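Got some structures for you, see below.
Consider the two complexes below, in which chain A is the common component and chain B and chain C are the respective partners.
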Partner chain A sequence: MSRRPVEIVASAVEEYGSGREAVLQILTRVNGELGYIPEEAMKAVAAAVGVSDAEVYGVVSFYSFLSVKPRGRNIIRICDTVTCGMKGFKDVVAAIEEELGVGVGETTPDGRVSLETTSCLGLCDQAPAMLVNDTPYIRLTPEEARRIVAGLE
Partner chain B sequence: MPNISVTINGVTRSVREGITILEACQIAGVDIPTLCYHPDLSLAGNCRMCLVDVEGWRTLAVACVTPVTPNMKIRTHSKKVRHARRTVLKLLLASHNSNCPECERNKNCELQELAEKHNITINEFQTSPKPVSFEEASPGIMRDNSRCIMCTRCVRTCEELQSVAVIKSVGRSHRVKISTFLDRGLNEVPCTQCGQCINRCPTGALFETSEIRQVWEAIEDPEKFVVVQTAPAVRVGISEALGFSTARSTGKMVAAIRGLGVERVLDTDFTADLTIIEEGYELIDRLKRALVDGDETAVLPMTTSCSPGWIKFIEHKYPDLLPNVSSCKSPQQMFGALAKTYLAAKEGVDPANMVCVSIMPCTAKKYEKERPEMRSSGFKDVDYVLTTRELASMIQEAGIDFKELPEEKYDRWMGESTGAAVIFGVTGGVMEAALRTAYEVMTGQEVPFDGLNITPVRGMEGIREAALTFPDKMLNGYEFLAGKTLNVAVAHGLSNAERLMDKVRAGEVDYHFIEIMACTGGCLGGGGQPIPTNPEVRKKRAEAIYDEDAALHFRKSHANPEVQLLYAEFLKEPLGHKSHELLHTTYTPRN
Partner chain C sequence: MGETRVLTSEKQPEVGAALEKALGMTAADVVFEVRESGMKGRGGAGFPVGIKWNLAGAASGADKMVICNADEGEPGTFKDRLLLEKYPHRILEGMAIAGYAIGSARGIIYLRAEYRYLVPSIMKAREELLEKKLLGRSILGGGFDFDIEMRFGAGAYVCGEETSLIESLEGKRGEPRNKPPFPVNSGYLGRPTIVNNVETFVNVPLIILNGSRWYRELGVGDDAGTKLFSVSGDVKHPGVYELPMGSTIGELLEIAGAEDVQGVQVGGASGTTITPDELDRRLSFGDLPPGGSVIVFDSSRDMMAVLNNFMEFFVHESCGQCTPCREGNLRLLDATRSVRSGEITGMEELKEFFVLADIMKIGSKCGLGQTSPNCFVDIMTKFARLSGGKGGI
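Let's turn to the complex of A and B:
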């Protein structure tokens, strides 16, 4: 059973402290455990650290790996930058969209997968590339991408 | 710090080590354009307008954040500098909504002024202004991010001056914007509506929620009896808003408002004096109950309640300290409640047809009048609130030649003012006015200060303290204070209020009475006052207010003859039944 957002914040504060420098670590912990950072968690972080709610939200909004909305159990981040763009990003993303039945920026109704684009992953030499959760996939073809996506739990 | 030698545009001079290039240039009388810089705020260095050339440096220096070094050679308008500044301006303008005629800040916009000064007529950068996005949800403050240049002056104002911090930079890269927690409306976050962000915005991204249209409609409606009240600080701000220098202009302001076609021009000063009576007696009552009766419900220190930004702040941040706040309504709301009862009867007007308009140096007053408890006359006590800037706009629209106007007087019944009421407009003024009255009520003598000027509570220090010792001989009923010392404190700017209230909450201080104003400098620096508002301008407005006080015949609130008449004919006594019904209020804890 998953812990309540404020409990996660409390335990992260215990571990990382309540200084401003701990904000990102606390938020990363919440995001890792829940897949997103709910409003009450942001407020709890703000209260623990002694900054405003708006400041915590500003931090969350800056990082694309942190989210204020629930996302799928798996997150696909496919690179849309120049090299991947030239090496077939369009076909790969179309194949994934078809496989999932949702578009970029959306989550499958069963909460299995969220599909997002991202800026350069640093894998230009092995384009096109995508990140599924924490695992990079490279030299993608539409077929390969379909297979990977279909295998996600 | 020792002095060092720097050369600015070929002229060598000695300056204090540690100051910035910008400060050195200001001392030298050399103008450097700035946008993100504001003398009230910390340095950001993000707009890049103030770039200067430093000999031997590979890149241009950001003047506002770069300290001078010995023998530094600075050039402020080399070809490289001019080119860079023009590029910075063009890039800012490329994403800026440059529909200037439709902007509240047209002709009073720092970006517009710089574009003109730098002769930006053609912008080779493809323009892609952000979409217009009016946010009009909150009663006091509106935002349009399409005019925002991301200088973060508002963000720093909200956090540094006010400890409110409800606006922040949100997002990243070209998607970054100034926003709130979860992008909510300012009415859904703990914004105090003080409007200090408006005063520091270099463009028109922040402005007041205007009620000019509604006021014109009321003036033109023959059924309506329009009653205007003017706050103390407006009379020293209005001339600035009309393009003149800071000046006391009470008489001309009254003439101008009358010229708009309203039925009565009256003075919030009248209810400021009334506030002093009610609040003074409330303080005496609390002192007696706390010190003599041992009544634990008599909470000290008592704080003032005139500033609606302060009230909203304490409701959000210190709900546990709400019992410390005086139950007196602000002068604006006392005025509204009396206008639609006492004045309506005096004038023989049906209060249902009366429209009560306030001219305020304040945007939080627009919020205050909407509070559900502000209907004790049976109607909405105050219908519309205009800022000093909005009044100036109406005067200009009506084609009134302000400078040539004769000085006129306020109308009767609620138009009389004392010097004590005028100084409500400056930090420390309510305290000074209260002491002038409370001391005399209890001792029968005037406050022991030369010319009634209680100088220890004056000035611009963020928090000021003073102590006033009562004589051994007090008037009947006030013997309990004989020889006792009254400890008072004054804070302005909500960050200072926070520092003070933290001490109160921790029990570290032993004050009896505290004056708090939400805005730096008090109301004269309010969010509805002319732009710019900075330390120099605040000083001039404060001088004008103290001059007005010194020039008035009555200097003490209890000497106001119309207030005396009000008590004799209507209220009967301070803190009496009618007062409680019309002039006192309650507060709401908010999270």
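Let's turn to the complex of A and C:
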């Protein structure tokens, strides 16, 4: 059962306070719980902290991990930077796309998985690599990637 | 080379020994020791650490801050990941020593969102230090208080730049600030603030325990200390290597097992691209700035595809605040694509783009736009197959 956006904001404000410096922490909490930050959450943050809605939206739009669009229950972030590119990123991402039936930047119709590319994950010694939610997966092969993706709830 | 490892040596000093020693010194003496060590910041920019601490210590203002920059995002860099995984106690101890040195009671680790899986080991280390009275109130029974909290990035390369990082900590878009004022005078929430890299803090306890002279002599020639290098790409043994600062890139590549070298990217995407003729160059702030990332490309690699990847990275990661960086990176990506597609065939046609690269280096507000043209200039002049060019086959 997911909480309503304003409830999440209220509890995050309780934890982090309503100072200007709490904005990113509050937004990160909403994003983590819902997978994205709906407009009503941005408005609630703006009201709680005392800044404009636009300023809050400006923060959300700046960071790649924050989203204003609904995303899947699981988020795959596959590294497309140079070393992973050299070590088979293309084949791995193609396998995942085929397994999911959606492309990069899209979410499966059942809301199970969103697929994104990301800048360097700092796993270049074990490339190619991806994060599924917060968990790293390394030395991926297309088969291994398919297996991981198929197992996501 | 095993004997040159100190940061990653099997034999590590007891946790807390350095902090205990530091607390027996005056704060000014701690700063002096770090300054005399000659250590330059390990994040890439290479600012002398002791000078930064001295300025922050001398700055007027309450609630001084110690910030650990764990926003490692330079393509090809993963040495801080290793340190956060394996040596979290020493990072926290180094931050506490910094706190004592500058007169700060509060530290923040700004961890990139991509490294959230490292949080448990860092928090466990903090708990252990709290239990041992090496963090928290009246550390080791004395009058010094210091505690550390964790905060997170949200996926933005530019937040590795210290003023962007501070903006992000303040809950804002991570856009770099105008300097001055410098963070040592007015940083997080206007407080005097030092921002140092993970590897910098890891060095601090060793400098305090063994002395500045010991540290200076670890390096080659004028360079002080050792340095961690993240090596990836076409090598037999990708991984993190610790070598004396000032070692040659050739020495590093030999250990990592690079057999076929067409080019090497030193210092990440924003660093320098070198050819096999340059392997005797030194990994040193005086020669090849050693951000810590070394990516090796063998002869099968298309260097123009590499450049294309780097420029796409910079276009994506430019914060967009200043024009030279926002527009410049786009134009350099366009030019790269034009060379790859054959629309541009000669160096003559690239002349204006090299002028643009210079403008970006001079006119961009922060390190991102000041360094992003490096790979364009290096790869176009050393590797591209263009008429009138030096590279090419």
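The definition used in the following text is that the second predicted complex is superposed on the first by the 153 of 153 C-alpha atoms of A that agree within 3 Å, B and C clash if a C-alpha of one lies under 4 Å from a C-alpha of the other, contacts with A are read in each partner's own complex, and residues count from 1 in each chain.
Just so we're on the same page, a contact is a pair of C-beta atoms (placed from the backbone, for glycine too) under 8 Å apart; a residue touches a chain by one contact, two chains touch by 3 or more.
What you are looking at is a predicted structure, and each value in this text was computed from that prediction instead of being measured.
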Chain C versus chain B, contacts on chain A by residue: C
First, second, both or neither for A:Phe62, with chain B first and chain C second: both
First (chain B), second (chain C), both or neither touched by A:Thr83: second
Partner chain(s) touched by A:Val104 [first = chain B, second = chain C, both, neither]: neither
Chain B versus chain C as contact partner of A:Asp53, first or second or both or neither: first
A:Ala127 touches, of chain B and chain C: first, second, both or neither? second
First, second, both or neither for A:Met42, with chain B first and chain C second: first
Touching partner for A:Leu152 - first (chain B), second (chain C), both, neither: neither
Chain B versus chain C as contact partner of A:Val6, first or second or both or neither: neither
Chain B and chain C footprints on chain A, overlapping residues: 58, 62-64
Touch list for chain C against partner chain A, complex: 72-78, 80-81, 112-117, 151-157, 168-175, 189, 230-234, 238-240, 265, 269, 295, 297, 301, 305-306, 309-310, 313, 316-317, 319
Touch list for chain A against partner chain C, complex: 19-25, 27-28, 31, 49, 58-59, 62-66, 77, 80-83, 85-86, 118-127, 131, 134-136
Residue ranges of chain A in contact with chain B within the complex: 39, 42, 51-58, 61-64, 68
Chain B residues touching chain A - in the complex, by the definition given at the top: 159, 164-172, 179-182, 189
